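Paired with chain B in one complex and with chain C in the other, chain A is shared by the two complexes that follow.
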Partner chain A sequence: MKRTPISFLSSALRVFDLSIGEMLWSRRTIFMALVVAGPVLIAAITRGVASLGPVMQVNGTRIAGATIFGLMIWVFYLRFTVPVLGVFYGTSLIADEVDDKTITYLFTRPVPRGAVLFGKYLAYLVCTIFVVLPSVVLVYLLVVPIGGTLAQSFVPLLTDLGLLALGLAVYGALFAFIGAEMKRPLLTGLMFVIGWEPAAMLFPGYLRRFTVAYYLQALVPHAMPQDSATSLIQAMFRQAPPIGASLAWLFVFWLGFLYLAARAVERREYVLEQ
Partner chain B sequence: MPIHDQSYRRYRGTREAHSSAWTVIAIAGIKAMIRRRVFIGLILVAWIPFFVRAVQIYTTTNFPQTASLLAVTPETFRNFLDQQASFVFFVTIWAGAGLIANDRRAHALQIYLSKPLTRVDYIAGKLAILAAFLLLVTWLPGLLLLLVQIILSGSFAFARQNPFLFPAVTLFSFLQVMVASFAMLALSSLSNSSRFVGILYAGIVLFTDAMFNVLRVITGGTRLSWISFPANLAQIGDRIFRMEPRYETPWQVSLVATIGLIVIAISVLERRVRGVEVVT
Partner chain C sequence: MTTRTRYFLFGSAGILVAGLCTGLLAYYGGFPTVASTAYGPAELSYVPADADVVAYANVREVMTSELRARLKQVMPEHGQGQNEFEQKTGLNIESDVDHVVACVAPSASDRNGGMVLVRGRFDQVRLETLARQEGGVVEEYRGRRLIRTTHGSHGDTSAMLGFMEPGLAVFGDSATVKRAIDTHVGGGKNVTSNDALMTLMREMASGSNAWAIGRFDAIAKRANLPDNVSRQIPPLHWFAASGHVNGGISGMLRAEARDEQAAENLRDVLRGFVALIKLQSSAKPELQAMLQSIELGGTGKTVAISFSIPSAVIDALPRPKHPAG
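Take a look at the complex of A and B:
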């Protein structure tokens, strides 16, 4: 009897089903929970201090909760959490299976190799989105009521949630490709996030267009904080592309890197260390 | 075939002094790293700032009209070591993440410690591997830069005016290297996956810095810089180079936080590097 081949999508969903449980109950999730707990803790302390009196002032001006929330979105989530989680999970999707020598078991199943990566990528996306976004909402609920109302900042919150989810998707796809293609994916990923992106953003011209951060930062509804010399220079040369163009480029990056990652997994021969 | 002689031959070689046992691990580890061409590429890239600074020194000594713009001061050496911090970060992750984690993964720790080798020897050997490469991108170029200044200017005047520079470069480089090495070794002993260790190290460094940057804006000051490990090193570095500290935190607090980190790392190593897993 001839067996009908399983479609790409249903194969990916099978892998997703297998991977989501592993990902959610792993030590990585503990790391991620700690990372997203930091901003919540600071938000709680800030709220506690603010309830004692108007002590949060810079140069005699009281800082509104919405400003602090915007700052936390920039510094914690956009510059740190999203790229770092992208590197961490994205590069591990295939590399972990290679390290554990379990990739053979996945590749010997009657599913396309690309579907293995796609299923794992979906699991990453669900896992990170379900941990990061609730943390953002908690920070919003704790911080924004300081000197303001929740209703005023609700639309920016939705924009923030959307752009963070988009950031996780694009960075995840990029680092999934790096993880599938390169031998030392973590270091390459970190060099991209910590070395290349901040450096390229400092220069005027076209260089910054070869980063994800350039397009992602254009979507942020909050003013860029000038907390360091690097941020000051970045703000000086900042040329935000139109929102439509940013979304289009991010979409192209997302699809492009996901396709390249799947192709790399299809073609590459993974040699397991003996 | 029956075995008639059940005795054994005595060891006729010479016994190395026990204190040098760690060097075996260190030399083997350094040789293994040197064989990786991409790693050597990273080390070479880490030397680019040295050559840029050397050109700066050459320009100021040969074209005095540029001295107002490119003058070589003690701050130049401080800034140079500041710049090297990013290379310290990458070299630490590359060379350090797998030092103990890979041994744990291969269950090699028990084999190591069944040899005439103590835990201290093992840790010292592993520490020496990482420290050697980190000193190669901090201390060595720092000292060479000082030497280049003396040679190109043809005078000891700068060195005489700033006699603290040699000890300052040495002290700060060693502090930078020790903090990175101990922190990475401790993290490496906590896991079997070098990639997890790498991301943990990066996460701690970047996360503490992000926390400080947020708190800096919220509080409108830099009194909480002690929560950031890079900021602590920068603060102590400013003090060592006799410069105005960049943050409001007293440098003693930064020093205590840094020493605390090393103590925690040693304590983790003491608990995790054991020949036998005791299950209670």
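Take a look at the complex of A and C:
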């Protein structure tokens, strides 16, 4: 009897179905929960403090809730949560299967190898988006009403949600490629996020064009905080590319790295250490 | 997918959707509309809907602020002028005025007209007598007593002082004052029906004790500026400023440019200016806190700059030297 081959998409959805629960209830999720619960806790404390007096002040300066919200998006989500989750989850999509020596079982199934990566990538995206974005919404509901109205920050909130989802997608694709191609992907990923991106963003010139942060930061609807010498230098030399160009480049990175990652998985022979 | 995973995903999606619906409801007038009926000072009911500029200052809060107390220590005032004013009018600005609302609105001749509404405690008889001594003429308009004074080289410009209601005085050009009475008494549309201005007001006024919002292009157009001057003015549509005075001063200036390119140009100029000031002032530690607080922001057509002058900067101001003896 001849068996009809399963299509790429339905194979990917099968892998997604299998991986989502595995990914969501792993030890790594505890780290993710801590990362996203931190800002919510800080927002709740800020709201509590603000309810004690009519005006929220930090170091004698009056700060409105919308400003605090913008600051939290920059500091907690854009500069930390999105790239770090991208590294930890993206690099592990294939590397974990190699480390656990379970990749053989996946590759012996009658599904395209690229679909395995694509299904796992979809699981990563759903998992992170469904944890990070509700946290942003909770921060918005808690912080923005301090000295302001929810209406004034609603459009920036939509922009924030969109750019954070796009950031998770692009960083995930980039690190999925690194995870599929390189031997020590976590180390490489961390070097990229902690070393390369902040360093390249500091210098004027074209180097910053080889970072994801450069294009992602151009979409942020809030003023860049100047909370450190590094931020001040970044703000001074900041050249925000046009929004259209940023979006176009982010989509190119996303699709490009996802394709390269799938191609790497298709071609590479994974030798399992005994 | 296990049931546990499904519950988790539904829960997360629920939070996301609930938050977005709340924001959407607020954005499309749900919560703010309920709030906006009582939003802003009551005197806004006198301000015509087509006002180009509306400003507010809580004089009482500013007068009783720590900042003013510190400034008094640093720069002791010679209260002679203030005393003379009080003796003449019976009005002590520090204690008798609560807040002021000012506006600029187009007058009949398509020129800028304006008025100031002052809420406080006045000796109405004394003020009226004083105005008549200065050549003022009393007239009645829709049940309000107004005192008209004429000035200008041909006596063609007139200003009016009037009392709209107990504890509310108005001073401005006669056309605008009469329009204000028409707006309030005749039930005409007042500025609270101007959605664009009220949205900006809600954003700028919260937490501040002084603010001003206006249409820059409309004022510039009616000001009949010479061509070479008007060409130098940045192409701005709206401007808004707000400040909070207490121990120090914190404030925000916001402008909406004609297009994104104009806004980007303005941001570039300000960015360079702010960076230059920061670099130039690196040797002055007393100014560091203030300079570090300057933050440039805004996206699209909006340009915003915020700052804060902490109380330490006021304390560091040089005190005037009094001659010995």
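Convention: the second predicted complex is superposed on the first by the 267 of 274 C-alpha atoms of A that agree within 3 Å, B and C clash if a C-alpha of one lies under 4 Å from a C-alpha of the other, contacts with A are read in each partner's own complex, and residues count from 1 in each chain.
Just so it is clear, a contact is a pair of C-beta atoms (placed from the backbone, for glycine too) under 8 Å apart; a residue touches a chain by one contact, two chains touch by 3 or more.
Everything numeric here is computed off the predicted structure, so don't read it as measured data.
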Fit or clash between chain C and chain B when superposed on chain A: fit
First (chain B), second (chain C), both or neither touched by A:180: neither
Which superposed partner A:134 touches (first chain B, second chain C, both, neither): second
Partner chain in contact with A:264 - chain B first, chain C second, else both or neither: neither
Which of chain B and chain C A:46 touches, first, second, both or neither: first
Touching partner for A:221 - first (chain B), second (chain C), both, neither: second
Which of chain B and chain C A:76 touches, first, second, both or neither: first
Touched partner set for A:111, first chain B, second chain C, both or neither: neither
Partner chain in contact with A:194 - chain B first, chain C second, else both or neither: first
Chain B versus chain C as contact partner of A:168, first or second or both or neither: neither
Smallest separation in angstrom, by C-alpha atoms, between chain B and chain C in the superposition: 9
Overlap of chain C and chain B interfaces on chain A (superposed complexes): 56, 59, 225
Partner chain C, residues of chain A touching it in the complex: 17, 20-21, 24-25, 54-56, 59-62, 64, 67, 70, 126, 130-131, 133-134, 137-138, 140-141, 147-155, 157-158, 220-226, 232, 235-236, 238
Interfacial residue positions of chain C with respect to chain A in the complex: 1-2, 4-5, 8-9, 12-13, 15-16, 18-20, 22-24, 26-27, 31-32, 35, 202-203, 206-208, 244, 246-248, 250, 271, 275, 278, 289, 292-293, 295-299, 304, 306, 308, 310-311
In the complex with chain B, residue positions of chain A that touch it: 27-28, 31, 35, 38-39, 42, 46, 56-59, 63, 68, 71-72, 75-76, 79-80, 84, 87-88, 91-92, 95-96, 99, 184-187, 190-191, 194-195, 225, 227-228
Chain B to chain A touching residues, read off their complex: 38, 86, 89-90, 93-94, 191, 193, 195-196, 198-200, 202-203, 206-207, 210-211, 213-220
